[in-house]
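Below: a set of structures, written as structure tokens.
Look at the two complexes coming up: chain A is in both, with chain B in one and chain C in the other.
This part shows the complex of A and B:
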């Protein structure tokens, strides 16, 4: 024992300072790496394998090649949920980021009660999606109950079906989804705004720049890294939208994602394929597609940000 | 171009007064330097002139116009910041043109002014680079360029050289001086470096604790400091200050062995305590000759060769004085040397008020 440690010690002593540092660093990193490999990478790799099988939880998975992918290509529901998902993204990303920036930009100027207001905006971020969903569901109810229709009738407008309409349901679900994204985005935007050196603004003020020129030529370019970071996170979040849709459209006799799949996002379809139809292979194939889309979009956004 | 006048200027942050009743006139085309130790309110004063801070009291006039309530952009000033405040995502050319774009000048005019300034500052080759790709000295010049293209009435500088190394500082200082001799724009320059102040200024304003201690040409504040603070702040190495007592023969007794005849001052009375100041540059090694010089002897404690000259610290009755000698022969520690100084170069201060006598 003493001898082996002596030998190891001699080996360690023989390393350069740089090598010793590297050894120490890897020792510290070893545990998280093992953990990550087991908890993250292994299941991911497993999903790739499962997507090539016909596993139904009961029998052993049998290799069926690309059959799951072929089925996906001709499945109208798959294309519909894909369209829904991209619509969530296409509407939700600009709207949430735009709103969050607008609020953060003005909040940055508020000097009194800044901390309190910021905390208020952060609340949606720490509230569970289910609670948010049920409150909004109640807002969307018809007249004696629902807030929005109440307001509409008071001002003399016709009631709207909201969650019961195949055209209005998706935007109606998206609104609380955006609202719950705002808190985090605002806080990150605020941090980004605060990090811009005050002297840039002072120099601009002396140079006579108006608020539009300052916004366009100083604030926005300086905020670019923040913006890209939020873009990536929000894109990933919206492409994986699930809980809020499930909680707002499901429950009772209604199948979640309705009416008529009009609000159903990809992740919900994956969930149903896996745990209602027990088609694990088909579900896995869809997760692989989602994974590839996420990867591609993230790569594009990071590349754009380098410019 | 314009004159700047400050009248009883006051700045308070909460209850602390950081600029106290400061009055100052800067003539048209003058280069005025505010100098003082860290935290004395130089930047705050400058920022009030720029309009970046509101004055708590008093008047600020630029070209005769009261500007206390005028926003920075309408004061027709340009400012060079300590960290240059160059926009990192813009090229040098776009940085320099920023204020001109704000003023909605025609593109041709913008291009002409940027080209002129770039030529004046030797930045032509760098116009398409970004600030991150420039050296400290080049960045500094871009910051100056951004100020020049605006053709303002007044230049404001807040320690523009403090991020440069000593050698570069010297050459950029010379550039600034040349530039001012060329464009003759009224300039207010803040620094805590007394050498910068001396070399650049038409007039120097020495500040302490939000107050002006003395205003004068560089030679005035060097040769006739108004008080002990200015005397010790201006000049490097610093003036030696020694306590003494005036004797009946119009000398100041520094120790049992050393009494120095001092210049005529009507206020001196026998037995009065005074503070005697002598600059190391004025106190040299050698026997006193003629009536105008006074001399004494002292033992060497420290020898510091600087190259062109040597600083010698000597012991006078238990206190240290610093003298200079030429760099050719180094005295040795313990050696007793003769020292001499022109009598008129001796400074006398009241030890209680600190004021020059």
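This part shows the complex of A and C:
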């Protein structure tokens, strides 16, 4: 042992400075490389492979080609969850970004109590989605439990079913999702707003530009990189929505994603396919689809930010 | 400084609306806290101030349920993961920023590309691995996928790039070993990035749901979010108990935020701009 390390040591001493540094670098990277290979790259390859099999945890996986993908194409539930996922995105993205910009734009000019107001908006973002979900679930209950229906009754309006309705449940789940997203988006918008040089505004003021004109011609164009960044992050987040739906619609007798799959997003269907029905191959095929969608979005982002 | 004297009416209205909106944002927490201090018979009243405030719900939660054990699991998992990420992501980020060697670009791009792999795609293979190795229902099983992150490595590399090479060269001339140069010279210069990363990773793991849900079936090994989700199934209509559980699950993150608010906001702004 001493011999071999002595030999290794002699070998190391014979290296140039550049080579020694390279040895050190690879030494620092050794464990991380093993980690990324075993816990990131190999599982990715495995997911692709599993998507081509009929594996169900009990019997050995058998190769079935693209059958899982074909099944997906004709599975009405798959199309329903894709539709739901896109609806979360189509409603959630403009609503959350619009609100966050509106709040950040005005908050940016506030001096009195700036940090406290910002904190109020940010707090929902750091809390556990599952805990949040149950507070909102409580609010959505019928009279005499739920806050919202109590208020509706007091002002003389009819009670609403909220989470018990196939049409109202998805928006009802989306509201707390947006509520917890806002804080993060506001903080990023504030950072973007602050990065715009003050001199641009001063020059515009000297030219006699109104505040609408300043917003349109200076603030929004300057904020473009921030907007693209937030768009991509929010899109990816909404396409992967899971925790809050699971907690707001599941538990007890009800299967999550209801009523009648009306709130079920793609990731919940993946979870159920894999860990309730144990159709690992089918679930893996869905994760590949999710991966390809997210990849496409990242590619579009790279194109847009290069411009 | 814009004082009250110079404030225009539009500004005052905007300020008032912002404050009202902010109060609406935290109202769910106020209702949560209020319900957790009420007896069951009072929880159906909308009043925010309990007539007979009680800590009975908390006492029951800590003594009769597994909340304490879930809390401990979450704390252990989040702490170990954070320490590991801080160590490895900053070591790798430093190596990729400050060493010149063949293959550096390949390693960097490979690690960066892992950012595009969604967790959802990996959980099935991780489950197989954990099952085969007997890691299900262990702390290690919950935390092994998060020991290093592509995001943190990228973030740390960006920050180490701005550390002057002269400092590192000077230390080399003084005969300081490469590991100690990283640990004692370079690392102290990027503490803002490190603290931002620490907060992200800790909060991220504290609230993580999908993988802990999959990798544990033993109720004593649940993390707080998974435990809370199973707990709500048992206490369906006892809203004061559910709100007490929600309060306990939320409180640590809330305390961390109130104590470290400045660093958290700055960290998010920092990462947002560099990212």
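Methods note: the second predicted complex is superposed on the first by the 266 of 307 C-alpha atoms of A that agree within 3 Å, B and C clash if a C-alpha of one lies under 4 Å from a C-alpha of the other, contacts with A are read in each partner's own complex, and residues count from 1 in each chain.
To be clear about the criterion, a contact is a pair of C-beta atoms (placed from the backbone, for glycine too) under 8 Å apart; a residue touches a chain by one contact, two chains touch by 3 or more.
Model, not experiment: these values are computed from the prediction.
> Will chain C clash with chain B on chain A after the two structures are superposed, or do they fit?
With chain A aligned, chain B clears chain C, so fit.
> Quick check on the superposed pair: does A:197 touch chain B, chain C, both, or neither? Answer first, second, both or neither.
First partner only, chain B.
> Now for A:74: first (chain B), second (chain C), both, or neither, which partner does it touch?
Once the two structures are laid over each other on A, A:74 reaches no partner at all.
> Give me the angle at the C-alpha centre of chain A between the C-alpha centres of chain B and chain C, rounded to the nearest 10 degrees.
Computed angle, apex chain A: 80 degrees.
> Who touches more of chain A, chain B or chain C?
C
> Please work out whether A:58 is in contact with chain B alone, chain C alone, both, or neither, and reply first, second, both or neither.
neither
> Contact-wise, after the overlay, does A:218 reach chain B, chain C, both or neither (first, second, both, neither)?
first
> Could you look at A:118 and tell me whether it touches chain B, chain C, both or neither (first, second, both, neither)?
second
> So, does A:210 touch the first partner chain B, the second partner chain C, both, or neither?
After superposition on chain A, A:210 lies in contact with chain B alone.
> Chain B and chain C, closest CA-CA distance after overlay, in Å?
After superposing on chain A, chain B and chain C come no closer than 9 Å at C-alpha.
> Show me the chain A residues, by the header's touch rule, that chain B contacts in one structure and chain C contacts in the other.
Residues common to the chain A contacts of chain C and of chain B do not exist here, since the sets are disjoint.
> Looking at the complex, which residues from chain C come into contact with chain A?
So the residues of chain C touching chain A come out as 1-2, 4, 11, 14-15, 17-19, 21-23, 25-26, 28-29, 31-32, 35, 44, 46, 88, 91-92, 94-95, 99-102, 104, 107, 110-111, 114, 116-118, 120-129, 144-145, 147-148, 150, 153, 178-179, 182, 203, 206-207, 209-210, 214, 224-225, 228-229, 232-233, 236-237, 239, 242-243, 245-247, 249-250, 253-254, 256-258, 261, 264-265, 268-269, 272-273, 275.
> In their complex, what parts of chain A are in touch with chain C?
That would be residues 18, 21-22, 24-26, 28-29, 31-33, 35-36, 39-44, 46-47, 50, 103, 106-107, 109-113, 115-124, 126-132, 134-136, 138-139, 144-145, 147, 150, 179, 182-184, 187-188, 190-192, 195, 226, 229, 240, 242-243, 246-247, 250-252, 267, 270-271, 274-275, 280, 283-284, 287-288, 290-291, 294-295, 298 of chain A.
> Using the touch rule from the top, collect the residues of chain A that touch chain B in their complex.
Within the complex, chain A touches chain B at residues 197, 199-200, 202-210, 213, 217-218, 221-222, 224.
> Enumerate the contact residues on chain B facing chain A in the complex.
Of all residues in chain B, those touching chain A are 50-52, 71-74, 77-79, 81, 83, 85, 87, 89-90, 98-99, 101-103, 146, 150.
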